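One chain, subunit A, links the two complexes that follow: it is found with subunit B in the first and with subunit C in the second.
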Partner chain A sequence: MNNELLKVDDLKVRFKTDEGYVSTVNGVSFSVEQGETLAIVGESGSGKSVTSLALMGILPANGEIYEGAITFEDKDLRSLSKKEYRKMRGDDIAMIFQEPMTALNPVFTIGYQLRETLIVHNNMNKEQAHKKGIEMLETVGIPDSDRVMGRFPHQLSGGMRQRVMIAMALSCNPKLLIADEPTTALDVTIQAQILTLLRNLKKNSNTSIIIITHDLGVVAELADRVVVMYAGEVVEVAPIQELFDNPRHPYTRGLISSIPKIHDVVDELYSIEGTVPNPSNMPTGCKFHPRCPLADIECTKVHPELEYISEKHAKRCIKVKG
Partner chain B sequence: MKYLVQSMIKTIPVLLLITLIVFLLIRVTGDPVSLMLPETATEEERDSLRESMGLNEPLPIQYFSYLGDLMTGDFGDSFRYNTDALSLVLERLPATFELAIASMVVAIIISVPLGILSAVKRNSFFDLFITGGAVLGKAMPNFWLGIMLILFLSVTFQIFPVSGRGTLGHLVLPAITLGTGIAAEMTRLIRSSMLEILEQDFIRTARSKGLRESIIVNKHAFRNALIPVVTIMALQTATLVGGTLITETVFAWPGLGQLLVQSVNLRDMAVVQAATFIIAIFVILSNLLADLIYRFLDPRIKYE
Partner chain C sequence: MQSTEERVIMEVIDLKKHFDLTKGFIKKTHSKIKAVDGLNFQVYKGETLGIVGESGCGKSTTGQLMLGLLDATEGHIYFQNEDISAMSQEELRKARRDLQVIFQDPYSSLNPRMTVEQIIGEPLVVHGLASGKELKEQVRELMKLVGLREHQMKLYPHEFSGGQRQRIGIARALALKPKVIVCDEAVSALDVSIQAQILNLLKKLQKEMNLTYIFIAHGLPAVRHISDRIGVMYLGKMVELADRNELFEHPLHPYTYALLDSVPIPDPKLRKEHQLIKGEIPSPINPPSGCPFHPRCPFATEKCKIEVPEYREILPNHFVACHYPLLQEDTNVLPDSGISKVK
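Moving on to the complex of A and B:
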């Protein structure tokens, strides 16, 4: 693992609320290698988006990392000054978000918002940045990109806006791109286009990607390796093929079972019963036990450790052996 | 352009209604003749004065002849000054504008930085201090603030003149007096508007791009937060043109408000009608201006 780009070690994030601190990410560890695409999978509330915001250093004002380390290219991100961290954002690490409709500033043109990043990080003047901006729009498949530069976000469709977001994120050649549910808010046909775009990026550049999603279909399309999160913890880590072939954690199995299969005729789609527990009221022992088909009395008492069953495959469950 | 023309046409019924209301109100609240003639005047003397002023005609006839004159730009003559009412009003306009603009400048200088800062540092001691101060600023009566300012800055320390109009120094105290209340309201509005915008997704995007916090706040957020603030600014400017009477009185500022109240007291009908008409036009114009600024600030409005 000498070409490790990002290493997250025992990351814990908490939010200050009226009822005191609530911890939503509880000791998450994973790493991303250069050129690798890592998927972080989990339901809403599993802490996957908070993890990504923590990596970017843009947690909301009431949130903070209270334990753990984030290492990016041998730099400890938590020890960076605000200014140093800011200079990395958008340059070395870039991010695209779930909601393209609201992620762009409504009162500035696309061109303005694209140029901004380039001017800040690449020391370009306005004209250079404008040219590069047009180029980037062409790269992400926006026709007529010259004119689109002068448009406002509301004049573009959701898919176009997400392309603009991607163009913006890629404009400074980031080493790591974090895509937080990049296709969730889009129509299925547009989803496919955006996925193709990301796949081409993966193929044609050495950019590492962290894709955060609840959609295992997206995972299968893009990821090399998968981290499954549940209730602020990593419950399983595995290479993509192995995860689908041999899922070890009951939660992962549940997620895979709930994907509809085109040749099977079923009356009702499978779903994991219950919901993700509230961070302020976590179950004891294994956090998944209230929803787990395998759980017994031991699971309510023992909080399982993440255990490596092979070099690249880890699970957090005491019931499933090996 | 089409929008402008449409808006102009829409203002005509509004103006007509205002002329009618003012016309009726000034006639039902008292008789100018009894104020103009000594108490000992006989009934015949009063009647003949009424007749010469055209006040003995039925109200509808009076109203339509007033409207007819209005079409030619004739607002009638002041009973008191025996001159054209409109030119009396227009004479006062520069003073009124001067004070309105200066007050607005004071309000903006105070409220923009304070509103932004207290949103950025929300729930801090500073924020608490500013929001508390804003309540105080809003609650403070203008006449009291004006008198206090005169007491300290004109009488005790003699930095600014006590009253009247002329130099820039004359403008300072009345502008602060009027500006403070508006600043208080605008500070609260800018704060809450900024708080809302700072929560938006595009602010998170701006952060993820590695922009400086000052750019994010002052450009990305403020530009959006300004949209609701402009409405209030327009309404306040309109109020400043018409309703600064107390401050004008405290500082003996020869503005429109002062003229209007004098004329109401004397039942100087033509002047009251001319002044309210001009004020109404300014209220309409400032709303129109706010609309135009809106369109400039928010590109989404143009195309809908």
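Moving on to the complex of A and C:
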């Protein structure tokens, strides 16, 4: 495929702790095409958020990429200087976070923060930036956007703040938008509004979106393709419908069957036994084997490769055939 | 068949809780937050009553009032025909043996300096029900009941994962063999695979110990899974209450309808446009006049702006507070009023 926008190849990220290095992302590979919405799904500790921070070049100070390549268009992101990376963020890649309150600066008005982005990245003057800022707020469905420009983040509700974040992220027409749990902190009626907003963005522009979430409902609503992560690895990749119709990895299967269905009430939910392993104490062989209903002695020894079973569908499991 | 009176374990009548907002040094009250504003409902023995709603609807305040952790501004809460809101501290302490709670974040509700053994055993010690060997035996039993292992007795809360900590919270709540447990967002902070474990555990325990649950949550799929009946709250009021299937299949209140429609369905085949309700939840400090939902409701008329709709049993066991409940056949299309329609 030649309209590939982002390619992540064998990415490994580790953190320095008191007990030495702990690796939380262990060889993650995936790609995003132009205009595509890719969902990265996983539970806490799967490494999905760390992957997105690594892409943005904003890992915490004790974290580092120690192997792998990230290619955006034709640029190798790992070779960029800090200054070049900063330019890249905002211009080409933008990110929205779960809790916009922590991402917005509390001491500046919404208007100031929006204008600043536009002045720095789009070479606008203050007036142009102000006009464009109001326009952006309108695009994301903020009523009374003129007044909102003068407000401080704490004066807005959670849903409004998330809209402001999206407006800010979109203000420089990024080619890739990374949304890390963008609706997790929101009420369900507000979540529906934000999901609709993202869906319209997808429909009306050629922006690629990576949505990182634990909520398979959100995935089903938005994604074209899904990457399932477990314990720092990709365990399954598939187009959206294929993933729900024909999940191959036992973890994906478990995840899908353990969600309570709103239209189909069962007496007992399927549940995956045990808990996600600790990164400093990973199981041998397949990392899912202690929780897997199919695991046998082989699984405790062999670390399975990610294997393509069709052009677009891959799984990391030696027990499930085909 | 038991008569209704025998079936009812708790009853809430005209319950109100208003918090004063004060200002300045002399703490002059300048306005009130009407967190709970006139609730009426019953809880049946052995059932799970789900209470759902978005932030600020008063569902958690309701839970705290029912536990006697907050004093009601007005109204009554009857537990086995005794009024909790009129009890002395001493009487309340006794009543709490039967009324327990499980919180959302088991990390902040468990004392980090106590071992699991001490945490689970504490209620038994406080109420003077067990000590020494017997205490240890009971703690061991409780741990087994919730799926914790005996060798974990001497560990501290931080040594457990979120799901296991929730199990500790459940074991502690069960220690006094309560009749009613208020589960306040008990599974909301957990990963899906762990959430399923805890929901299954709660169901199993309910059957074995004949427990009554009041399950407060904002996650609708989990509430539907565990509840027998579900009440929907909006701005301090109960807007609808019915059997779970009835509520999900035939919601009568426009808010319930919109709320259910907003839930993302984990099936890409069912992808659809949501019937968005406009605007956001108004502040409970200065709630709208008349029906609290009227500014966001596509059906609202002049009447809704002025008159508070009465909460009434409109169909058998189906309560709703709305002037224009969605009783007609064609309830799956809301009228066009700036909101999107079903495709």
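Keep in mind that, in the parts below, the second predicted complex is superposed on the first by the 320 of 322 C-alpha atoms of A that agree within 3 Å, B and C clash if a C-alpha of one lies under 4 Å from a C-alpha of the other, contacts with A are read in each partner's own complex, and residues count from 1 in each chain.
Basically, a residue touches a chain if its C-beta (ideal position, glycine included) is under 8 Å from a C-beta of that chain, and two chains touch if they have at least 3 such contacts.
Source: prediction; values computed, not measured.
Participant: Have a look at subunit B and subunit C on subunit A after the superposition and call it: clash or fit.
Facilitator: Superposition check on subunit A shows subunit B and subunit C fit without a clash.
Participant: Counting only touches as set out at the top, which of subunit B and subunit C does A:87 meet: first, second, both, neither?
Facilitator: first
Participant: So, A:271: does it touch subunit B (first), subunit C (second), both, or neither?
Facilitator: Once the two structures are laid over each other on A, A:271 reaches subunit C alone.
Participant: One more residue to check, A:117. First (subunit B), second (subunit C), both or neither?
Facilitator: So A:117 only meets subunit B here.
Participant: Just checking: does A:102 make contact with subunit B only, subunit C only, both, or neither of them? Give me first, second, both or neither.
Facilitator: A:102: touches subunit B, not subunit C.
Participant: Answer with first, second, both or neither: which of subunit B and subunit C does A:187 touch in the superposed model?
Facilitator: Second partner only, subunit C.
Participant: Answer with first, second, both or neither: which of subunit B and subunit C does A:234 touch in the superposed model?
Facilitator: neither
Participant: Considering only touches as defined above, state whether A:166 meets subunit B (first), subunit C (second), both or neither.
Facilitator: Touch partners of A:166: none, neither subunit B nor subunit C.
Participant: For A:256, decide between first (touching subunit B), second (touching subunit C), both and neither.
Facilitator: Once the two structures are laid over each other on A, A:256 reaches subunit C alone.
Participant: Is subunit A touched at more residues by subunit B or by subunit C?
Facilitator: C
Participant: Once the two structures sit on chain A together, report how near the CA atoms of subunit B get to those of subunit C, whole Å.
Facilitator: For subunit B and subunit C in the superposition, the minimum C-alpha gap reads 8 Å.
Participant: Same subunit A residues contacting subunit B and subunit C, which ones?
Facilitator: No residue sits in both footprints.
Participant: Subunit B touches which residues of subunit A in the complex?
Facilitator: On the subunit A side, the touching residues are 53, 56, 58, 86-91, 94-95, 97, 99, 102-108, 116-117, 120-121, 152, 154-155, 165, 168-169.
Participant: Which residues of subunit C touch subunit A in their complex?
Facilitator: Touching subunit A from subunit C are residues 54-55, 161-164, 191-197, 199-200, 203, 218, 220-222, 224-225, 244-245, 248, 258-271, 273-274, 276-277, 280-281, 340.
Participant: Per the contact definition, I'd like the list of subunit A residues that touch subunit C in the complex.
Facilitator: Of all residues in subunit A, those touching subunit C are 43-44, 157-160, 187-193, 195-196, 214-221, 223, 240-241, 244, 254-256, 258-263, 265-273, 275-276.
Participant: If we count contacts the way the header does, which residues on subunit B are in touch with subunit A in the complex?
Facilitator: These residues of subunit B touch subunit A: 200-202, 204-213, 220, 223-224, 297-300, 303.
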